[in-house]
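In what follows, structures are represented as structure tokens.
Both of the next two complexes hold subunit A, though its partner changes from subunit B to subunit C.
Then we have the complex of A and B:
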């Protein structure tokens, strides 16, 4: 029973990681922009939720507003910064580092570095047979699954999803068959940013919100993009759940204080022995 | 065929090449070194404690930027772990001096050795692949992990509150480091070592190989360059220098905390490099003076200074990707060509 409890816990945390990783994977895999400011969008999403919930509007509107607000911010950033850095990985990466400093320090000035929490929609816990489950954690797990499935269906079934996947395979080829690459790029960035906003709300409903909360989820998101195979959405999701379970089992049965190290070790092993990750389609040249 | 022959025989240099303007153009880099020497002497010659303190900080930052330039500027690899190795050096040397009781000058090479081994372990798996994205991801994660370790290993590092260290490096060749000015010269010494390493690398076969790797890894491998080895070597050298500078940090600040290892330190260093001009000798120093010197004198609140820094990074990346020194070098080269 202890084992099952630990596994469920791991799945919940892993789902959160996966939500972060999907956003990074979308933006990186399709546009080739490694957006380090993704974590800051997550932080802003969490703050949006905090202010909406404290204003008395409740959790569900907060989730929606945070996703829309971060999508809008993503659109803004794509239009004024990232559309100019599409040709160069490193340029986009550096620009995103500048954005981190701007967003994080403005947030620290505006929101103060105090820890904030908001009332989760489902407080308390419930009994399922011999298991005691936190209601909020189960809700988060369910929401993560909904988000992941929605994202997957969007990419697989809609016309624009098809265009996005085509661009992920070959940007020039996609442009040649009449895909408006500039518009699709914007859509991808908005989608990735909205995922960051959603992940922020889910994080905020479980953990404390501070202007500096971005680094840890971002680190996990990066580990997952490597583990899952750079640019693969299903890979990122699967790796997310695996990492969550590995961390949970590791901290339950090995050492809890080394919790954040397990993912890193997994990443090193993956780079050494499975460099393409779980579902990496993008072959990496070795010279 | 005749065209090839013509190319092989360049026209003789015109007499104007030896004009005073040509001489000026060759002197400019040396004038840069002279300016640096004057700048370095000013704090030591004056009597203001504030200027000495400011000079020490700028020298440390410039040394860090110069050492990061080796892996980012010359090898073209995006390492996000520089602050982690800086902090590693600070913690390692402080612990070796205070807990083990070693001489400071013994602790420095030991800390550098440790940093080099860790860098090789982290760098090798990531640098086996082209593109540089793996290294950015893995070093970011490593830096964050190192910060977490420093913050959580209470018995060794004193946890998130940091630890207070009180010692001065032992005198070296009769030169004492216990005064503020002595520590200033320690920081300047670190900067000069980093500059020396950079210049030696730049002029060596190794440095030219690194530039080839930066420009095109596949082509470089065709030329017989051990691409992975070169990249790992650049990363290891750069990280070892960061650890060396970290060793100076502990006696200068008398205080080490895990904040030293945070990704923000690396980000601002990258900003300094981009602004100053990546892959140039003067760039890191120019960038440091602009980034840290001027706002310090203007006394802007720290938070807004960092915001301005962020905006500058974005603007420079978009509009002037070669940085100040890069633009200056290009102008100088164009001027020289126009003289010939």
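Then we have the complex of A and C:
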């Protein structure tokens, strides 16, 4: 029973990591830019949820508003910053590092460093046979699965999703066949940022919200991007769940003070057998 | 030309000018105090109130005319540096203070990361340093630390009153310990475990988690269904609030907690899932003040800062009384610059301010504290003496 509960904990946390990693890997796949500022969308999404919930509007409107707001912010950043860095990826990376400083410090000044929490929609726990499960954690796991599946269906079944995948394969080729690359890039930023905003809301429903909360999930997101294969959304998702389970099992049955180490060990072993990641494409990639 | 007139006038002018200069020199000399605190960043919740306490004390001393040394009055002024919750900025802030030769006394820093860095820099200079961070205790009593004083009781002193009071109030018999994997946690276990066992409590588990952990479920599951009736945890509000919240969600865990830390906020936010919670108020309980001095101080704080008290305001008392002790020591020693004599005098004093303060020969504070309690939904506190 303890093992099942620990596995469920790991899947939940891994799903959150995966939700962040999807945005990172999508942007990298089509633009070649490692967007370090992506984690700030998670942080701002969490704060959005905090203010919406404490204003009395409730969790579900908070989730929707956070996704829309972060999607809009992602579009804004793409329009005013990242679209000008397409020809120089280092420039894009550097710009994203600058954005982290700006956004994080603005948040600290506006919201103060004090940690915030909001009441989750499903507090407490429930019994499922012999298992005692946290209600909110199970809700977060369910929502993560919904988000990931929705993202997958969007990429697989919609016209714009196909365009995104085409650009991920070959940007020039996609442009040659008439895909509006500038519009698709904007959609990718909106989609990735909205996913990060949603992840922020889910994080905020379980963990403390501070202006500095983005660093850990962002780092995990980059690990997953590499582990899953640069530009591969299924890879990022699978890697996310694997990472979460590795951390959870390692912390529970080995030492909790080495939690991050389990993820890195997993990454090293995986890359030994899958040098380009679990679902990585062949060929060279410049970072 | 009547040179007698000119010489008389010139003499009078010189006397007047000399008098003016003398008067000006009396008022121009101030005692410059240095202050390095994390005014921004994650540690500002501790250091910002601490800095307010220093400024309040300085303001009150100046309003009564300043520090009187050998008949001369010296107002106090404060030069403040922001450590930004980072060791490298704490060092650079301390170094900037040290570049000002007029600064002989420095206050500041309640957290060990930036604190150790600043103390290392300040310890190499001839300045009197009043700090508050936990790991300062490892520096005191060693050669070169004669001018360092820690204004908060160390863990060993606090634990001697906190542990027996908590065990009695909570009625625990078998507990687990859950702390972040840091040096200070290991010293907490070394101090608290023997005291708990001496109080008749079995300590059956000690688990350390990665300090930046947010998901505590895997480590909390180690404590599930172990027959524990309590837990000792720490070391800051954000961590403990997260631990309590997740413990109440997971179920099968103890519902009584001893918090090696300074606020009841984690328990108040999770009151429904907690049967008992004790915490250490290293200065004074401002939320349930019955003491006239504390009530008076609260009013003074509100008037000075134009803010209401918050859960972290009690950190403002970290250095408040010590500023008055420093001033009194200067007056008794007859010097504003002989830091060795001033330090020695401070260590001899027993000061009845808002807190009752004393320092031992190594510069460790021995002050009475308040122990906060949440039991059956009610919050209260008891005074515990270290002297």
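Just so it is clear, the second predicted complex is superposed on the first by the 278 of 287 C-alpha atoms of A that agree within 3 Å, B and C clash if a C-alpha of one lies under 4 Å from a C-alpha of the other, contacts with A are read in each partner's own complex, and residues count from 1 in each chain.
Following the convention adopted for this analysis, a residue touches a chain if its C-beta (ideal position, glycine included) is under 8 Å from a C-beta of that chain, and two chains touch if they have at least 3 such contacts.
Predicted, not measured: the structure shown is a model, and the values here were computed from it.
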item	value
Fit or clash between subunit C and subunit B when superposed on subunit A	clash
Partner chain in contact with A:247 - subunit B first, subunit C second, else both or neither	second
Which superposed partner A:97 touches (first subunit B, second subunit C, both, neither)	first
Partner chain in contact with A:162 - subunit B first, subunit C second, else both or neither	neither
Which superposed partner A:108 touches (first subunit B, second subunit C, both, neither)	both
Touching partner for A:216 - first (subunit B), second (subunit C), both, neither	both
Which superposed partner A:260 touches (first subunit B, second subunit C, both, neither)	both
Touching partner for A:79 - first (subunit B), second (subunit C), both, neither	neither
Which of subunit B and subunit C A:225 touches, first, second, both or neither	first
Residue range of subunit C overlapping subunit B upon superposition on chain A, of 3-11, 21-29, 75-83 or 111-119	111-119
Shared contact residues on subunit A - subunit B and subunit C	108, 216, 257, 260
Contact set on subunit C toward subunit A in their complex	40-42, 44-45, 85, 181, 207-210, 212-215, 217-219, 221-222, 224, 237-238, 241-242, 245-246, 248-252, 269
Subunit C-touching residues of subunit A, taken from the complex the two chains share	2, 5-6, 9-10, 13, 108, 112-115, 117, 123-125, 132, 134-137, 203, 206-208, 210, 212-213, 216, 247-252, 255-260
Contacting residues of subunit B [partner subunit A, same complex]	76, 78, 122, 125-126, 128-134, 136-138, 140-142, 144-145, 148-149, 152, 217-218, 220-221, 227-228, 262-264, 267-268, 270-271, 274, 303-304, 306-307, 309-314, 317-318, 321
List of subunit A residues in touch with subunit B within their complex	28, 34, 36, 81, 84-85, 89-91, 93-95, 97-106, 108-109, 215-216, 218-219, 222-223, 225-226, 230, 257, 260-261, 263-264, 267-268, 271-272, 275, 284-287
